[in-house]
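Chains here go by letter, A, B, C, D, E and F, matching the order in which they are written, and residues are numbered from 1 within each.
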Amino acid sequence: MRIDGRAKDEIREVKIEKDYIKHPEGSVLINVGDTKVICSATIDDRVPPFMRGKGKGWINAEYAMLPRATNQRNIRESSKGKVSGRTMEIQRLIGRALRAVVDLEALGERTVWLDCDVIQADGGTRTAAITGAFVAMALALGRAVKEEKLTTYPIRDYLAATSVGVDVEHGTILDLNYEEDSNIEVDMNIVMTSKGQFVELQGTGEQATFSKEQFDEMLELASKGISDLVAVQKEALSEFSHLLESEGEEK
Amino acid sequence: MRIDGRAKDEIREVKIEKDYIKHPEGSVLINVGDTKVICSATIDDRVPPFMRGKGKGWINAEYAMLPRATNQRNIRESSKGKVSGRTMEIQRLIGRALRAVVDLEALGERTVWLDCDVIQADGGTRTAAITGAFVAMALALGRAVKEEKLTTYPIRDYLAATSVGVDVEHGTILDLNYEEDSNIEVDMNIVMTSKGQFVELQGTGEQATFSKEQFDEMLELASKGISDLVAVQKEALSEFSHLLESEGEEK
Amino acid sequence: MRIDGRAKDEIREVKIEKDYIKHPEGSVLINVGDTKVICSATIDDRVPPFMRGKGKGWINAEYAMLPRATNQRNIRESSKGKVSGRTMEIQRLIGRALRAVVDLEALGERTVWLDCDVIQADGGTRTAAITGAFVAMALALGRAVKEEKLTTYPIRDYLAATSVGVDVEHGTILDLNYEEDSNIEVDMNIVMTSKGQFVELQGTGEQATFSKEQFDEMLELASKGISDLVAVQKEALSEFSHLLESEGEEK
Amino acid sequence: MRIDGRAKDEIREVKIEKDYIKHPEGSVLINVGDTKVICSATIDDRVPPFMRGKGKGWINAEYAMLPRATNQRNIRESSKGKVSGRTMEIQRLIGRALRAVVDLEALGERTVWLDCDVIQADGGTRTAAITGAFVAMALALGRAVKEEKLTTYPIRDYLAATSVGVDVEHGTILDLNYEEDSNIEVDMNIVMTSKGQFVELQGTGEQATFSKEQFDEMLELASKGISDLVAVQKEALSEFSHLLESEGEEK
Amino acid sequence: MRIDGRAKDEIREVKIEKDYIKHPEGSVLINVGDTKVICSATIDDRVPPFMRGKGKGWINAEYAMLPRATNQRNIRESSKGKVSGRTMEIQRLIGRALRAVVDLEALGERTVWLDCDVIQADGGTRTAAITGAFVAMALALGRAVKEEKLTTYPIRDYLAATSVGVDVEHGTILDLNYEEDSNIEVDMNIVMTSKGQFVELQGTGEQATFSKEQFDEMLELASKGISDLVAVQKEALSEFSHLLESEGEEK
Amino acid sequence: MRIDGRAKDEIREVKIEKDYIKHPEGSVLINVGDTKVICSATIDDRVPPFMRGKGKGWINAEYAMLPRATNQRNIRESSKGKVSGRTMEIQRLIGRALRAVVDLEALGERTVWLDCDVIQADGGTRTAAITGAFVAMALALGRAVKEEKLTTYPIRDYLAATSVGVDVEHGTILDLNYEEDSNIEVDMNIVMTSKGQFVELQGTGEQATFSKEQFDEMLELASKGISDLVAVQKEALSEFSHLLESEGEEK
């Protein structure tokens, strides 16, 4: 039995509140259980130096936590004067994941910035950030199409992320909360499209190892979780479903 | 006539949502018009090095904005690797203001950290941060008294902050929003207690100067605004009003 | 009775030594009692990025203390690798104050840099820096007019700064030295023009509050102090008095 | 046909030169094709702050490249004043991977530092670093057992890492060199033990996605590569094989 | 003929003003021609970590220039957030030079900090800083002996520094000013004691080389310059001459 | 008798392995006894900002040590976030030394970067770096002439560096190893050309002084050491000896 009563293959309750803050081109507050992340999308008419003159765009993500998003107060990275390795790893992951479903040529020489700010953390902040950032980006780009700033919708498919884990006591479980995550032996983060393709997969045995069988079990659970998440995304993005669905079919 | 239809001495609509995030000892989301700040209070059983061994506590504040709290995306201070002069000025102001109504001896060798994170900005973020941080701190310390971690309630009086400005077109106006603030000639931030005492007062003529008469007019408007803000604070803090009111009377 | 025998409304002895160092376009050593600040003005034919192409100039100030300007040695900010919040606050204040009496359009696309280096500190270093920096700037711009690099003198009025304070023992006193400042309850820095207009006003009750009556009393003392300081500035700037006085009259 | 004539499931030539530099407790120069990494192990009788007093040890890794390890000169991270996200990601990966096969309690309150310095890069530097660092660590700890500084050998199993990739032209291939890596669609780094257990697995589709079938094919190739790498490690560690083999059997 | 009319073996006019600022244990303003440096000595009752518990003291120097000490304004190192290579080289040189004439055991577990702040530069700032810092240190330690904080005077001999240079037009010349230094081919800084012993010697041919004959000629000129500088130091330190002379004789 | 059995005027065994790493335009591994430095030369078709538009080139050097190049592990400068004073001093020295034998006009608007990475340290790392960097640079520029990227060979003469020291026990000795260096009283680093001209000379008495006689003795030993080092360089550069010798004769 899981600590919060969920079944092994059950994700936490997911809510996506659109236009949570008014200034960004697209923004959401995503709740995955008690994990809450504000994701906002900014469309910038420039690309980073290494992309200039290629006729293609770029997707860049930044991730941060409020100091009291967690149980203990964390020192701000701005006060420390540097971004931690963990933060860098996460923001690189978010950007890479989203780029996998965007046609950078259709985007043109633009950068989409995704700011993912965790205001409350209860495990799975990076996967919630990816799932929410996808929606913020899809909203911003959908509006750009509507306002005729873009001629083609550059997103190819829905994209969401979740975690799975294995331990002796619970076996394989889906969508770990903080307490579960603290006690897990093997931990995997998985990013997938609505068509069941993998985009990113990071499995780690911290002080432990895992077998091919455990691994296959984890992938199956993840696949189920991603379907559930994409269902919530589709609802949030209903106004742009015609753009995404047709895109999806072509590819 | 003001841009949003308010009277000259009218503050924007203020809402204080308690326990907005679950981990901190006290937290609020304060809305002053479209300005939204998450304020959380952390009680730490240590004091900074310069306060050690004095039998007294300390109040420390940190302030930040999400990159898209504003209309244009701002680069994160953690990415820049340093905190701007503006941010430092604001966090020093918040800490200093709150210390003026706290009996640091009654607090004992503890630090109260106030984290003020602006998630949406529309002018007056620093004054909203002070007004909200006071409530977060009062909640955290009220609970510490309730849980008998503190024997005396160390807060002496309610404390709130607002802005006033003067320009040729509008005369003297209270509680500037972003657009008003951008066009103002003289700008003043005022921090006061519920008893009408001044705590901090910063008046600036950016590219302009002001007279004693204008100054007195500004103080009068500010005084009215502070009363309105304290009324909202009192409601949010009703569960601890017995602590604050009796304190107030003694001093 | 004050610790150094001064009357409540008496400033310390002020000396302004012109051209104290040879390279800058304008430089002074200002002594306010035992507080000594080297102020130098540099005219740079560029403006900061945010001012480019507006046909206007800018005034920028930097402030620092020698490590042994004070009784205890301070670690250099260059060794720490960052500028403290206090320093940033002061340099922003100096720049803002001086900009209030300069016609930035008449200055053209130029930056005047004011470097204020405290070589000996005995209280009131920021107000001495403003008073001295005004003279250094006035000298540099006066010479630019003389050498026909500028057609109009862009300074509109004299500008000086002083401090006032209140405590139980001494009441309200003008121009605090270090020892007085260490024991004061309410502390205010005031920047004014020779015509009695306010430019900046920062009053702070560190662990205390103050009333409107105390406040008015402080302003009156400050006003007297500013007159005394401007008298010394006028003497130092006698060679350019024709420029400043006529400017003063027009506005 | 691969660019360097290898079969799809063939790793590059691997050489491990022991005691390449004289000062460290253990050091190797590992060559995987043209990729050359100096790995050295330092045993430090302290643990990081977060591990103090737990009676357990820690494994920490640092990774860097000489500026001309690559075809274009890279700016040193010491000159830039900060470590890149890529470097942080890699050093976290190396440390985590090695910890999975070390009994931290048997290690006691000690840190093993692994310094992995790439002197020549031709693809797969992070996996070569893990494979080489394992040997450097095994040597250092083997000597510590020999010198009776440790009573038990804390390493549980051999550990090596390799990469696999998929693209349209070549299908699935093992141990990518730089040129292959530059053109690949899906890229996976895999860390495994000699017993075929997974320790870490990071698969990424940069601008692409991949299916479960492709994934399984990649794992199979990786498994073969790891066996080949462990064979070379066993030879390099022959003097300590009694320690490692018996350890292996117990667990 | 030299640009300022001096003979080849003639130093510029040297003035040493004692107790230039009031707070430090010892301080001077040294003028070497138009080069002006404030040197202050602080005695700190601690030693740096690497010297703890050895029963010996340490001498540490810091060097900086005001932004307008030079003809062009330099950006402050505190604003840049790091100390330049040139500054580091100079402060290491000053500290090393002074340590050569101090008996660190007689000093006890104390650090003498020498702060050398160039307020006006006209060539030879590092050698002026050494010559002035020696006097500031000698004053501070002399007073410590007088106040019986030290039982023995730890300084063994007078120490001064100067520069010499060679170029085609002027041959070998002593004590270069800024303009001479800018055009020189070979440049040497020499630190010597009053007894003619060398302490430090740094000769550099920037884009040029030099012979043994030129080198010997430079040493001879330097030796004359040092005698002239020590004569001025002796005058400034007359009150402590009994301490320094007797020390000198013993060794 | 010296600790490793060498005569007073005997350098350690020197080996220069050409093309040690494959990517740079020129690279060597230099061994001076147990000191091992990888030196690589990169030719960059740009010059630093201060050299632009002068039709001349520049030589820039960077120096670093692997953390375990030494007996105790050193913290990486990239982790500390800044380059130490010692490193800056050394890289400035290497660049300055090499520039003295290069005709920067013949080089044209190009920068030669010399990266000197110490992989094993046993005293004299900076002098080994200069001796090795010269060869790496000479190789890179020789190839540029061969490939007709340069019309003239810009190197004027061979250049090498060594150390000499004096102490009571051993008198004056050449090419100090780490243990000798740790106990020496006077330490001098000397850079010379094959024609016996001085380029740089840095003599330091750490806690000691030295006489003209000791100094002359040191120069004589150094001169012998440089001849021995240049002999090894000539062998390594035999393929380009026609370029260097003819250049040498002209000047």
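Here, a contact is a pair of C-beta atoms (placed from the backbone, for glycine too) under 8 Å apart; a residue touches a chain by one contact, two chains touch by 3 or more.
Fair warning: this is a prediction, and the values are worked out from it, not measured in the lab.
Between chain A and chain F, the least number of touch steps comes to 2.
Common neighbours of chain A and chain E under the contact definition above are absent. The chain with its Cα centre farthest from the Cα centre of chain D is C. With respect to chain E, maximal separation of chain centres occurs for A (centres as means of Cα atoms). Within the list A-D, A-B or E-F, C-E finds its counterpart interface, over half of the contact pairs alike by residue number, in A-B. Note: centroid distance chain C to chain F, computed from Cα atoms, is 52 Å.
Centres computed as Cα averages put chain B at a distance of 29 Å from chain C.
Listed for chain A are residues 81-82, each touching two or more other chains.
Remark: ring traversal beginning at chain A, heading first to chain B, gives the chain order A, B, C, E, F, D. Residues of chain D that touch chain A in their complex: 82-86, 88-89, 91-92, 96, 99-101, 104, 193, 196-212, 215, 219. Those residues of chain D whose C-beta lies close enough to touch chain F in the complex are 21-24, 27, 34, 36, 38, 40, 42, 44, 62, 64, 66-71, 73, 76-83, 87, 113, 115, 117, 119-121.
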